[in-house]
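What follows is a pair of complexes built around chain A, which joins chain B in one and chain C in the other.
For the complex of A and B:
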């Protein structure tokens, strides 16, 4: 059984047709790259997979269960969609702590460890509103992985990162995949896709075409 | 889950800025206004001082505006900064929004209650020990403090508690409207300003029409108006509740909280 399956989905978003009768499935423990030109629907695809928006036709199935029937959001997904999200007047650590408190599954130590992994020091007292774009991006990656989420949907995870950070995050994603995580990511940088992804899909003519 | 989410919200809200702002609301009238009115007005009773303290402060004029900054804008801020998107995979967003609304109401209730009750406590119980406030004892001719005088005649302490509760509950209604509007409207500034505009404009309109007894300002702070029948204060109160119910109904119908 596929981990994620899109069955005959069609979707128009804000007056723009993005997908027409598209089917695709994603298997466990692989890294998938999704590419496509600006506005082709990469972010909307991710929003559909994590239940933020529903397809106009067709269905999205996660672990065999259709989203929107008994379950609105799939469990254990780590996401970055569109842009990082944060509480501007809190520190990076506090941001992660408040998010983690919701499910209360991880300790302060785990949060600190995750911050170190993405290249942010937990001791930084700076408020997130004063972070650089790259630091906000790292914080977004940290919130997506800190609770050992099984599936990561990462929309442009390398945005605004410097060369060293890109290398670090690539290594981090590889190691998470080796631990059994499934990763779907988008990137405008072909190198990220080539280096990381087992399979690549391109959005063209309202369909997802497999090109690798 | 709701209780847990409320505790997270309270933790989020209770920061240094919140404490300083709340302390200012609770103590500033007492510290700054009391020395000015003491000796400038003839006071016969403790409740006269309390009434004059409040009506000489900016609290009646700016009431909703003073309470909305406490926490009513938190949903709008989290929506603007895309934070809600990262909450959604972790909990039901409807529970989260309800928890936020309850926290906003709870925080406002406590601060608004203390804003009225702490000055009352000082005037009624602490001042008699230090005799700071000057009372006219030779010629007793107290003036009614308005609609709530009837309670003060029963018990001054009951007046302090009931009146503080009344102001706090009204405060909760105004910040809840601001909070719900911040979910409905994209423009946060407009959403958070509407309760104040309502407070101000309806006061003006009722005054022009000679219906002051139904003015939002005079039903919460009924000092500058002759004592009215008690039921009159519930008219603007009921209007606010109907407004809140309509907003909740609209949010549920239009599924506003899903559209981030």
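For the complex of A and C:
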């Protein structure tokens, strides 16, 4: 059984077709890259896999269970979505604590450790609204991995990162993959995709076609 | 300091109190007619107190003069080289305040000397004379003072303290404003404004807005008579002074943080202020008749019914209850727009996510109702309404708390539901406001629309409070079903 399976998905917005009767499945413990030009629907695809948006037709199955039946959102997914996701007037640590409190699985120590891992020092007292773009991106990565999520759905994870940080995060994703995590990511930078991904899909003619 | 003192002990105050002395002599002369007419003999303290408590003298001469002199002093002695040596605005403010207080004391000494000297050679006694017993127009000062104070000397001392307290409060306010804006025009503007405002508050304000009438804090007799309490004028001024001292202590801190804080909490402050003013307004506006605190609760939150409508209660109902929903909405909007996706993915479903909010909604509503309830009762008791237990006490509390709770829950769920539909939280609030037309007379369709059903005016009609609960409960049930359906079926995007 595939980890994530899209069966005959169609999705359009007010006359703008994004997907038409496309099917694809993603297997465990692999790294997948999704590419496509701007506005081709990469972010919408990820939102559908997360259960935020429903397809017009077809179904999305995670671990064999269809989203929107018993559960709406898949379990144990770490995600980065192309929208801000923070309480601006709290610090980075406080933001992560707030999110972690929802499931209450991890300690303060784990949060601090994760912050260090992505290259943010947990001692930073700035409010998130005063963070630089790159710092916000690192915080987004931190929340996606801090609870040891099994599946990572990362929409443009390298956005706004400097060269060293890109290197660091690539290494981090590789090692998470070696630990057995499944990773789906989009990037407009082909190098990221080439270096990291076992398989690559491209969105073309409203379908996902495998190119690697 | 020595330099300052030299500069301040200043015989020009002698000239400043000449008008006071003339005024006092005039008062002394007219007292003769009064003595003849009522066959009484005034004593020393009568002469001192009628001039010292005179509202015209205080409001239009003494108070403006000292404010003006303070303004000039603050502006003339401000100097960055001194400021840098003092190290902070806080130190500067308190140094200025010390200097200003020396001025105050000087002025008061001359003032008191003038009052005492013009009263010299009159019958002396430490007791009240008979003049104060006469309750007639023109004799209010002595009449009220002898009613509230056992000895004239006590009134004299407290008049000094009240005047000094008020002057110092305004002076520290001036210092703070000057430290903050370094703009003397602002202070002159306040000088002029206070002069006008004092005149207006004295001549035009009705007795019920005594808290913001300047003369009540300048003239002991006026304050005590207006509040019917010796304590209140002093404590109001004292609280104001303490707040200003607190602000002065914080003035060197970074304003940006404070500004952000104010910006963040200003809707909440404004809301609390409006609620509070509404309560005060109702409590102080219903002073006639033998009303109990429960009547006050009903009047304050009367809202509207089919038969009873008043624009003021309608507006107050909308402000209090819709205002709460609006605040809740702001909070919800903040969380949804700032955090939504990363938060949601950690729940199993939208439904679970909603459940995580539910306790907060319930606690918020109860907190609001309890606060409104206790503040109203507390103020009503303080002002002196009866705490008698009416037969329908249970009904009153039940209607306020339970039906109030259900009505608010309906509003909140309504706003959430519509905002899921329209994907725009503010549109949903407008929709809710539009629903308030059903509170207007002839629109309420036999109370079948769940808007304003918690109006306390229903207590004065034959409506069953339990029927109201049942209606609201039914509506909430329907609403919940729609909401759950939407939560599970709609795309979630912000």
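Criterion: the second predicted complex is superposed on the first by the 209 of 212 C-alpha atoms of A that agree within 3 Å, B and C clash if a C-alpha of one lies under 4 Å from a C-alpha of the other, contacts with A are read in each partner's own complex, and residues count from 1 in each chain.
Criterion: a contact is a pair of C-beta atoms (placed from the backbone, for glycine too) under 8 Å apart; a residue touches a chain by one contact, two chains touch by 3 or more.
What you are looking at is a predicted structure, and each value in this text was computed from that prediction instead of being measured.
Asks: So, on chain A, is it clash or fit between chain B and chain C?
Replies: clash
Asks: Counting only touches as set out at the top, which of chain B and chain C does A:77 meet: first, second, both, neither?
Replies: Touch status of A:77: both partners.
Asks: Of the two partner chains, chain B (first) and chain C (second), which one does A:52 touch, if any: first, second, both, or neither?
Replies: Touch partners of A:52: chain B and chain C.
Asks: Contacts for A:68 in the overlay, against chain B (first) and chain C (second): which applies, first, second, both or neither?
Replies: Second partner only, chain C.
Asks: If you stack the two complexes on chain A, which partner ends up touching A:104: first (chain B), second (chain C), both, or neither?
Replies: first
Asks: State whether A:88 touches chain B only (first), chain C only (second), both chains, or neither.
Replies: both
Asks: Counting contacts the way the document defines them, which residues of chain A are shared by the two interfaces, the one with chain B and the one with chain C?
Replies: Overlap of chain B and chain C footprints on chain A: residues 50, 52, 72-74, 77-79, 81, 83-89, 98-99, 102-103, 140, 143.
Asks: If we count contacts the way the header does, which residues on chain A are in touch with chain C in the complex?
Replies: 47, 50, 52-54, 68, 71-75, 77-79, 81, 83-89, 98-99, 102-103, 140, 143
Asks: Quick check: in the complex, which residue numbers of chain A touch chain B?
Replies: These residues of chain A touch chain B: 50-52, 72-74, 77-79, 81-90, 98-99, 101-104, 140, 143.
Asks: Can you check the complex and tell me which residues of chain B touch chain A?
Replies: Touching chain A from chain B are residues 4-5, 8, 11-12, 15, 17, 77-78, 81-92, 96, 258, 260.
Asks: Could you list, by residue number, the parts of chain C that touch chain A in their complex?
Replies: Residues 260, 264, 334-335, 338-351, 356, 488-489, 491-494.
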